[in-house]
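Each of the next two complexes has subunit A plus one other chain: subunit B in the first, subunit C in the second.
Moving on to the complex of A and B:
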């Protein structure tokens, strides 16, 4: 009777209970707090000094505050260092969790093999013993390799936990901080000193950033998030990191000031904008890529809660702007300000989902862009922004800002340009038209939807500076806003300065008109139909997504509006039966 | 007694802002979530947050003291014989802590 040497059962990997996302959030809080401490150091070296005050008291004051500045500088470096280590710990713990999952799979597979071999032993014959032993030896080798990998994983986990704990304890006391960081120069100082000045081109800014080391970049993001968060030419990932620090700091500041009962009206406005930006980011991060099932990446590309007299500026993408094959910039219109961010985030995420569904092979990013002072309210309600909606002044100013943003996106991806599409909705189409006509938009395609006019100087698609074959218009036949544009020879903007330019869906304009009817359209003009262009499973969203993906042959074109010399404007789409193409989920 | 310019009052207000901001940072540190760490690390993380909350509060307290010190300087000056009427009007608003 031959004895068979069975392989041992593989050990089960120890449990690992942790939450990398929560660890990352802890690191983000510490980084935001470090920026606040850093501000104290900067304050002491600058605004705290009273240069027109002289005499003994002044001398004593300036001597007394200097140590506070040094202490703040050292403490901000210490706290920043721990915050960065916590971020690294989050990433490392995720890797360890992934490795554990892989080990668990291997363990279960090997355990099944061992059980199978044990059953074989009971039934094998003398003739089959040699072959069975060979199988047992092979599996034993695999178990041994697994056990080695498990030991390595256990050791790596212990090392990581130990190093993280040490990072927390080595700067626990004020003396430790002073000993390690006292008098140490901030690695952000040099880069900030060399930063291109105001008026530098995005390309110059990008060249400056590209020349920094990884450590210098991290330092700048932590020490001076406001210096790069909204700076065109900086890559989106770095802008996001900086704006995340700024947002975290602002939320903490405003919440504390509110609790203290001393929040001013202006600060209340900024706080509301900051809360809206945070909600918008969460809206995107809470959605899932329909192809991979992973949470959608959100990037805060612009964050300035005090911009435009408190209306606020914010732009957040669904998807990675630095790497996506296709990038869409959505320019909203009437009724938009910083507090609209969650609503616009829903649109950006919906467009992202649709573009992914219609071309799973391409990567995408959709950026909602509240980067200009849009007409955000009715003049009889809150102020005079609403009056701007009937003139082009706000669109003209916004168009310049949009062109800067597009230049920034291009400059940060010089070697890997995305297929870039600007989408203007409502008054945002007027802004987009001005950006294109007045400044030139470096985009591959431009899309106007629900447009009340694309600017008085743009009479034809070719006036946008974009190849007319890549100028698109979507206009729902029931949308009353889309009916406001000039038709035929009548030009409203010449009448008392009112009117916003030509209707891009009209035949004379020379753009492609795509189908944009809704199955839920009203029987007559309905303001609700002005807000359906980005809804899932609509003709409009499907066609916009095909354009964003560069899949032009898939676009369902519509007959143009026509304005006969005599009689009303004719819209061939009015009587067409709308369809409902699927954009929300992958079809089997 | 030397003249105390209005900029001293502005500096006192700025120190008050620092005080508020650093107290906010202290709260942010204290409220940071440690639940994501493993049990082996959580203790060190919790001790760190508690200690650094005090560090940040300490910086806030120093800032408040600077603001108070400057206000005292202003108050001493406006009650002295050296202050002119123009100085008094400009500086009086800075003798009180606003926030």
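Moving on to the complex of A and C:
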């Protein structure tokens, strides 16, 4: 009787419960704290010195504050070091979790094979014994390899936890911090000295950034997030990292100031803008990619809560701007300021979802861009901003900023250009029109939706500087704002001194008009229809998504508006029955 | 010019713009309905994910949800909201395509009506409804060995005074 040597049962991998995202959030908090302390060091070395104060008392004062500055700088470097180690720990723990998942699969598979072989032993014949033993030996070899990998995993886990623990314990005391970091030059100082000055092109900025080492980049992000967070030419991932530090620092600062009861009105405004930016980021991260099911990546591309006299500037993308095949920049219009970020984030995430659903083979990013001072209130409320809605001045200024942003996106991806689409909604279409006409937007497609006019100097699609075949207009027949653009030969901005230019959906303009009716459209002049262009399962969102994806054949075109010499403007879309194309994972 | 002034007035909330409701009596009702919808959708999502693992093996991930605006109703606001949840099940080694074949019974066992198979770019979905909640399993063969679970409740009109609260509401806790 032949004896069969069965393979052993593989051990089960030890349980590992951890949340890398929570670890990463902890690292971000530490980095924000490092930036706060760094600000103190900068203050002591700068404004706190009161340079025009001289004499004995001044000398004593300078001597008294110097240790504070030294301690702040050292503490900032210590916190930064730990923060970076925590970030690495987060990534390493994710890798260990992934490795454990793979080991778990192997263990289950091997256990099934061993169970199968044990059952085979009971029924095998003498003739089949040799073949069965060969199978057992093969599986035994696989179990051995698995056991070796499991041991390696256990060892790597222990090493990682030990090293993380050491990173904390070596700077637990103030003396330790001073001994290790006291008087040490900040590794960010050199790169910041060499940073291109104001007025440098995005390409020059990009070249400077590309020449830095990874350690120098990390140092700059932590030490001076404001220096690069909104700097065109810096890659989106680095801007996001810097703006995350700045946002975390601001939230902590303002919360502390509020708790102390000394928050000023201006600071309250900035705090509200910071909170809105944070909620916008979380809104995007709380949504899931409709193709992979994974959380959507958010990138804070612009963060300046004090910009435009407190209106705030913020731009956050759904999707990775550095790698996406297709990038859309959405320019909102009237009524938009920093506090609009959560709503605009919902729109950006919705556009992201729609583009992914309609073309799962392409990667996408959609960026909401509150990067200009939009008219955001009625003139009788707060003055100039609201009055701006009837003129082009704010659009013209915004157009220049938009062109800078587009140049920055292009410069940071010179070797891997995305298919780039600018989408202007409402007054944002006037801004986009100005950006295109006045500064030449480096985009592949430009889309105007709900447009009250695309700027007085843009009489034809070709005036945008973009190939007219890639200029698009969406105009809901019930949208009264879209009805405000010039039609026929009447030009409001020249006749009355007020108006925003031509209607891009009219036949004379020469753009493609796409279907943009809504199944929930109202009667004639329904203001609600002005805001439906980005809602899921609408003609408008589906067509915008096809354009963003470069899938032009799928765009459902509409007949243009026409203004006969005599009689009112004719809109063939008014009587067409709207449809509801699917743009999400669930069919309506 | 008069038209532009009217536009500024209406869009800034000084006129009768939007299609909003602001009936104080409807506020508790709408809020309660959305809270209940959250409970229902999350419970159904957990049931479907668990059922899918039972049918196909494997493990779940990214089991989360949140409130989404349904229909815009003016500058910076949605007039209605609903709860949506999603999840992913990476199927076990023994699972056989098409995975959706095994998931119809999961939907019906959870009380959903007869599921309908539909095409979507890159794959197919199996969709069904239960008390106004829509649920779908999706399979995208070119993207990996997994199925996606998506659910959403019906849109609930929210009074104007509560819209900002629902827009900013976060829900980071996984349902499973």
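Here is the rule we go by: the second predicted complex is superposed on the first by the 579 of 588 C-alpha atoms of A that agree within 3 Å, B and C clash if a C-alpha of one lies under 4 Å from a C-alpha of the other, contacts with A are read in each partner's own complex, and residues count from 1 in each chain.
Following the convention adopted for this analysis, a contact is a pair of C-beta atoms (placed from the backbone, for glycine too) under 8 Å apart; a residue touches a chain by one contact, two chains touch by 3 or more.
Please read these numbers as outputs of a predicted model, since none were measured by experiment.
Look at subunit A after the overlay: subunit B and subunit C fit there side by side. When both complexes are overlaid on chain A, the residue A:203 reaches neither subunit B nor subunit C.
When the two complexes are overlaid on their common chain A, residue A:295 makes contact with subunit C while staying clear of subunit B.
Judged by the touch definition given at the top, the superposed model places A:161 against subunit B, while subunit C stays out of reach.
In the superposition on chain A, A:17 contacts subunit B only, with no contact to subunit C.
By the document's definition of touching, neither partner reaches A:192: not subunit B, not subunit C.
Of the two partner chains, subunit C is the only one touched by A:585; subunit B is not. Of the two partner chains placed around the shared chain by superposition, subunit B is the only one that A:257 touches, whereas subunit C remains out of contact. When the shared chain is aligned, subunit B comes close enough to touch A:79, but subunit C does not.
Superposition on the common chain A brings subunit B within a closest Cα-Cα distance of 14 Å of subunit C.
Shared interface residues of subunit A (contacting subunit B in one complex, subunit C in the other): none.
For subunit A in complex with subunit B, the residues that touch the partner chain are 16-26, 29-30, 32-33, 36-37, 39-40, 43, 47-48, 50-58, 61, 64-65, 68, 71-72, 75, 79, 82, 89-90, 93, 161, 164-165, 168-169, 172-174, 177, 248-249, 252-253, 255-257, 260, 262.
Of all the residues in subunit B, the ones that touch subunit A in their complex are 2-5, 7-8, 11, 14-15, 18, 20-29, 31-41, 43-45, 47-48, 51-52, 55-56, 58-59, 62-63, 66, 69-70, 73, 98-99.
By the touch criterion given at the top, residues 1, 3-5, 7-12, 14, 17-19, 59, 61-62, 64, 66, 68-79, 86-88, 93, 118, 120-123, 125, 127, 134-136, 138, 140, 142-144, 146, 148, 150-152, 167-168, 170-172 of subunit C touch subunit A in their complex. By the touch criterion stated above, subunit A contacts subunit C in their complex at residues 101, 105, 109, 279, 282-283, 286-288, 290-295, 334-336, 339-340, 342-344, 346, 350, 357-361, 375, 377-379, 381, 386-387, 389-390, 452, 480-481, 484, 496, 498-499, 520, 522, 526-528, 531-532, 534-535, 582, 584-587.
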